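Beneath this line is the structure, given in structure tokens, with notes to follow.
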Amino acid sequence: MILQSDKPKEECAIFGIYNSKEAANFTYLGLYSMQHRGQESSGIVTTDGSHLYRYANMGLVANIFTQPKIKELIGDSAIGHNRYSTTGASFLRNAQPIRVESHLGPVALAHNGNLVNSWDIRNRLERDGSIFQTTIDSEVIVHLMAKSHKTDLLEALCESLGQVRGAYSLLVLTPRYLIAVRDPNGFRPLVMGKRSDGAIVFASETCAFDITETEYVRDVEPGEMVVIDHTGMRSLYPFPKAKPSLCIFEYIYFARPDSYIFEESVYKVRKSLGRQLARVMPVEADVIIPVPDSANIAALGYSEESGIPYQSGLVRSHYIGRTFIEPDQKIRDFGAKIKYNVVKEVVNGKRVVIIDDSVMRGTTSRKIIKMIRNAGAKEIHFRVSAPPTVSPCYYGIDIPTHKELIASTHSIDEIQKYLRVDSLAYLTLDTMHKAVEGHKGGGFCDACFTSNYPVEFQDHAGNQKSLFTEYATEE
Amino acid sequence: MILQSDKPKEECAIFGIYNSKEAANFTYLGLYSMQHRGQESSGIVTTDGSHLYRYANMGLVANIFTQPKIKELIGDSAIGHNRYSTTGASFLRNAQPIRVESHLGPVALAHNGNLVNSWDIRNRLERDGSIFQTTIDSEVIVHLMAKSHKTDLLEALCESLGQVRGAYSLLVLTPRYLIAVRDPNGFRPLVMGKRSDGAIVFASETCAFDITETEYVRDVEPGEMVVIDHTGMRSLYPFPKAKPSLCIFEYIYFARPDSYIFEESVYKVRKSLGRQLARVMPVEADVIIPVPDSANIAALGYSEESGIPYQSGLVRSHYIGRTFIEPDQKIRDFGAKIKYNVVKEVVNGKRVVIIDDSVMRGTTSRKIIKMIRNAGAKEIHFRVSAPPTVSPCYYGIDIPTHKELIASTHSIDEIQKYLRVDSLAYLTLDTMHKAVEGHKGGGFCDACFTSNYPVEFQDHAGNQKSLFTEYATEE
Amino acid sequence: MILQSDKPKEECAIFGIYNSKEAANFTYLGLYSMQHRGQESSGIVTTDGSHLYRYANMGLVANIFTQPKIKELIGDSAIGHNRYSTTGASFLRNAQPIRVESHLGPVALAHNGNLVNSWDIRNRLERDGSIFQTTIDSEVIVHLMAKSHKTDLLEALCESLGQVRGAYSLLVLTPRYLIAVRDPNGFRPLVMGKRSDGAIVFASETCAFDITETEYVRDVEPGEMVVIDHTGMRSLYPFPKAKPSLCIFEYIYFARPDSYIFEESVYKVRKSLGRQLARVMPVEADVIIPVPDSANIAALGYSEESGIPYQSGLVRSHYIGRTFIEPDQKIRDFGAKIKYNVVKEVVNGKRVVIIDDSVMRGTTSRKIIKMIRNAGAKEIHFRVSAPPTVSPCYYGIDIPTHKELIASTHSIDEIQKYLRVDSLAYLTLDTMHKAVEGHKGGGFCDACFTSNYPVEFQDHAGNQKSLFTEYATEE
Amino acid sequence: MILQSDKPKEECAIFGIYNSKEAANFTYLGLYSMQHRGQESSGIVTTDGSHLYRYANMGLVANIFTQPKIKELIGDSAIGHNRYSTTGASFLRNAQPIRVESHLGPVALAHNGNLVNSWDIRNRLERDGSIFQTTIDSEVIVHLMAKSHKTDLLEALCESLGQVRGAYSLLVLTPRYLIAVRDPNGFRPLVMGKRSDGAIVFASETCAFDITETEYVRDVEPGEMVVIDHTGMRSLYPFPKAKPSLCIFEYIYFARPDSYIFEESVYKVRKSLGRQLARVMPVEADVIIPVPDSANIAALGYSEESGIPYQSGLVRSHYIGRTFIEPDQKIRDFGAKIKYNVVKEVVNGKRVVIIDDSVMRGTTSRKIIKMIRNAGAKEIHFRVSAPPTVSPCYYGIDIPTHKELIASTHSIDEIQKYLRVDSLAYLTLDTMHKAVEGHKGGGFCDACFTSNYPVEFQDHAGNQKSLFTEYATEE
């Protein structure tokens, strides 16, 4: 069986560095530290001021990049990308950074986020004679640049970005420039730092700064374009201002707890979510256990607030491959057992509170609950450190469709029955926002909980056909 | 750089199953669940009653075994092995299970533990004309069997085992028999279970039973030989009785917390060690943080006993490969940073207690402590949930030599200075034993803490030369 | 050392089949039989009437295509391509058939020959916003189609081909059409045949018909476009008529002797060239030996005409890889020795005539001659079954530059001295043409011997820079 | 389909070199030049006077050995081996040279030929406690040495070889010695040479001397053991004298025409066989065509003697892989077509004489004949430059069993009918021997034509069971 996670998937991590003797090596380390944001493919493009050098492959950062590959990626500026595919099929051709040659010279691009009008633009461009190389949304940005009559690259980039809508934290590398841009709503994070040797660094999360000994300076702001070349660094705001719509799911689930994003500690917010949950959804019980590892911090918050002891009642395997060979004699809850095992000692005869950070389809949760019940739990109370997820995301997170989201089609009572728990409760929308109250960055996007989408989107379901029938070995 | 752990390494996991339609598939799952006991190579041998079928390769279980490979491993009995090399070079030729053809017919063998007189025997056998295929200690067992004049396999096996000394939890597979043996001291664990379809299962730990839906029945006892064939199951005790010497390090570090070994819950013992530590080595502090993941449970015990809150102050990466490309501009504490990152939010301005389960060389501990100090910790207290490790193990654990073990050559004060902590304390020997007090299984081996070796060993350092210069790709 | 041949290289083979239940399998066999025309990469595109399915890889046909791959290439029409790179770097991305998606739908294209104005067109298209995927000349054809305002694919193809100049034997596959086109000069061969089950087949040479049990019908004529779809087969002549300029080097060296191309047997023409050579350049000698295998047939002709016995005095190895590890103690004539060895028995004490079909740089010839001299030959007479090669080819053959071509910069006498032979003679231009006299197909291109280029070419040396710095593993 | 040749297979090539700075590199080149004697696996063992270094793999020499591998094979003496399996399954474990460690220290061995009593010895050794590593006959030699009570390696080797019977051209390498031995009958060739830098070289054929710039000195004589160490070179004759029984098939088919073996030119003997055939089995015809490439030289002999012109009427592909994907619509004579194609121009309307060197099952011959008939041949006369092959070989050539050999079970008339030729004739036994008349080396083994076996053999058909069920990927 192919192992499927019941968690939403982040689409990617981006990393960029300007003016470092070991640009490729630092990019490799930065990407390694952000592997949790995309495990499908990775790539690095460097420049020595004349050419662009690229290497990308399917797989994990630590396996793809070897010493000789890093050595071949010469030059003192670089951008890198970890990909999990939200748009476009899962093939090497779709690995980022994209690199193309056009009348503007060579350009490379690493993109985190999703454009909502890329299929319209793509269809228009194809009608006009463009031939696309990939099936990912980001490619329209370079085609729009190639089509631009602007001969200045920055102008062409601004013109191009002026036509796309949606979420983009973007790094652009040319022989001259390293450019970092965040869309006007600022959906996805993008932090900026500085190394003691003067190198400027960009990354999706600050955990990439820790491993590269970079000091966190500030976020690239929503709508800001930071341009670096040999003349120095400039900050531009070329787009109309928009309402900040930072992705709150980054705090709830995606980002590493040791990162700072949107200018706040992920650990702090995540624990605060757990505390809020304990306040509004208390329960009498003997033990708190998280669904590891993503719910650990929220569970600690719940435990502290409630006084009920926290235990590691579920052990998670870290040796997981993509597929598993299931016996013909079906093993109950096989998919969950491959990943989790219950510590009987912890739950046997106990009233157990399970903390999870989100529930999508509910299938894995149900299996975990059954395993805990079979291990002898007397009562099981399920608590979710976020509101019910009712709508998909069009800005770069792979959340299932309405039809698949259990909270979109079922009441809390029905979900409780489906999960077979003694009680079930979610965080309320208000208390979730309380956990980020006073947040300097301002507004958040909570569309997956409310269906209030800050940027209108095209229903591209119908268009998102695979362009080609492709073979994995092909490229 | 090659990433080196400062933790002792377990040499292997073994798994066996008799009378199951999907013997190979269950063995694969069992090995997968015990991947923590050996990540270098894995192998499975099956039998259909006439032939033995073998497949082994370097790497992780989830990567090595594919559906077609499993299908080729026909038959309804099987044994499997995960290897981390304690003796013998790291080559495919040394992967277990060993399978040989001799006058006794085909025999396969999976061995967990270390023999202490294998080099003597090997030298004697070579002088007598034997040609060895591997450089692992286990091979002497099959050579002694091949040399035996007994024509009965069981007698030949007993005669062979009568000549070796040391630690062995052993599974032997022939077209007729599945045999499970544990050495008279019972150094290494070996559990026995039963599936509802009647299959008999053996494994190093019970976590392998959970994934294969096997009910835990009992341990194979020290000195016991369990023999299964078409006539049924027999239990023999062919060796002179010896003092039980169960490896206490299995509880402290190796075994999975969700396993039962030596007839007790690992989680329970591990937490008890943490509680004992809090009692005898208390400290005033703001926060308890474990070195994840192995010290998590002991830290929970320490936290519960002391009342000081437990926090996940260190984040551990699970995307680690075998080697990492370090920049020429050295990154401080690179080796530790690849694996761990500090959550600044948790430790900044705090008095921190770090809980670890053991300290070998102390190098990684020192780096972690420095990272926590740099993140703003006000005080750092280091607590170890075991006594100082002062001696190597000759029974199957890869503990560094006396020279390398910091506690073997330095006083507690000196270690505290080296680690640069505000206080340092270990669990005492007595309180460690208290944590397993009343243990049904009886005595434990604590040689690594006391240098009291239950079985005399040959100083084979001088003999442990590599026999051949071998190339990794060769076989 | 990388082994370099001193022979010109053919750029490719193409194969197409319409209306066959096993289109992919027959294409695979056809490509296999034309492996001599390109050994760098191969690819097949099939269609089931709705989609295009593609697989391409670096390496030999017999290694690349496996049963599962062939099975995945579903549909009853297919085109295939063997590539040796004349334009564009040697990367998988450049493997043909090219397949793109544009407003005309999916289109695949396999091209043999070289365009002479592709760089001009490419630069124009890039200035206009096109982004190219490969560095091969053939890609401009699909970009011109994509840019066309014609909505009918045939019209767009004609419009596109109306803009390119040079050599193209072309197969185009869409869900509806299989189209075969030969440029107005007919530089490169393209034969058409029919299988007994009704399938229509196209190939570069008839040897591909023998293995696929196809009956040779006729050549696609210079300037002809054959269009097949469900309504039947049509023949169009959409281009202005031009003087036929069939590549005479196909007869001299490239094509297999068992093939018919340009409506004549290659074996017959090649032998006739040998006979002519014996007539105009006779010599007294004891033995005729060819440089195997390409000069074998001409040598037989020379032997028959002269009465001097033909012997296999040089043995050629067929186990050659791309690179060879040379000892530090240099072996004399290593590059030649890896490929050829002398049969001492044949040449010792003899007056030897060596027959070769062409001399480019002369370096390998010189080494072979030295080896034969060392084996005891009394006299060595070198005869070439073609005129001196003085100019490069711009229509699809990889002939060295003027500077490298020994006959371009040296007189016959000087070459004789360089080769250290007792006599040296080439076929004259007139007698070469006599060997193809009365040829139904009409005129030949002999530009490599005369510098009379039938189609004006752009000196693209300056433009033929590599677009990107690419890594072999990348794609 | 798996492509099967209807030719007998040679089991191997051996190469050895003593006292050369680039021992591994020269061995690699020597093995490369003798690739025709074994294409399944290759290996090299070197010594620096202390250790043995080994690398072996499945596949062709030019693909297996890379620069880094050659560099790792340090030391100034080496032996190498190309294997085609006659005994033992086709797995890497069976690749030679064998290398073992015993009480005599490390020993490596490369063996060409077949032992006829190895299974008896093996069974005896296994009963006595030996465990074999491979399933090849050569391994008994090292086990007998390991079992020997002689502490001197040479004495142990002589004692071991004194117990085996059959064919062996053997190279033995230890940190001290390079030893070359040929069995008393001298079945298989073994030549000795010297490089100008003083290195001593051994090889199966002299073609290996040409590429390594080695001067051919003499053959290792039947029954001779040449021993080289730092004290110099000695020649021993430790075995009882036997009747020379050189393999005549080496001249007929196996050896390269540019080699000298048994102190005579292969080309000369092979051509003489063709001349004899023309004398005793003449025919009126228009054209002589060989089955390429092995029958080329005999065909030249036949042509010269008969005056009928020689033509290359069959083209042979050299891009052949191990398997081919056949369409479901069967292609007539597919197996032969993958390898051969007819030049219609040569045979159409002609009376054709086909020359082949041997016929085993006759299946491929029949297909080739049919292809030539379909190409328009008026008459087909089949001539074989050897007598009918009626018996298998037990000395190292893989000739089919009696049951499969068409000449063993059918009369010449019946074969002619089966092949559908207008006439069929073989060389007579007497005239075959005439072609090697006055041969210095003395007697030949012609058992495959006469069933007169010079050394009694064990019918090991029954014993030649595969010992293990093995998987190709295992080792």
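Every chain is named by a letter (A, B, C and D) in the order it is written, and numbering of its residues begins at 1.
Just so we're on the same page, contacts are C-beta pairs under 8 Å (C-beta built on N, C-alpha and C of every residue); 3 or more make two chains touch, one makes a residue touch a chain.
None of the values given here were measured: they were computed from a predicted structure.
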| item | value |
| --- | --- |
| Rotational angle, Cα trace of chain A fitted to chain B, multiple of 5° | 180 |
| Chain located farthest away, centre of chain C as origin (C-alpha) | B |
| Distance between chain centroids, defined by C-alpha means - chain A, chain B (Å) | 36 |
| Rounded Å distance, chain B centre to chain C centre (Cα mean) | 62 |
| CA centroid of chain A to CA centroid of chain C, Å | 50 |
| Multi-partner residues of chain B (each touching 2 or more other chains) | none |
| Pairs of chains found to touch, sorted by chain label | A-B, A-C, B-D, C-D |
| Residue numbers on chain B that touch chain D, as the complex places them | 51-57, 69, 72, 92-93, 99-103, 106, 126-127, 129-133, 142-143, 146-148, 467-471, 473-475 |
| Complex interface listing, chain D residues touching chain C | 21-22, 25-26, 28-29, 32-33, 35-36, 39, 60-63, 65-67, 70, 197, 207, 210-213, 256-258, 265, 267-268, 296-297, 300, 304, 309-312, 315, 317-321, 324-329, 331-332, 337-338, 341-346 |
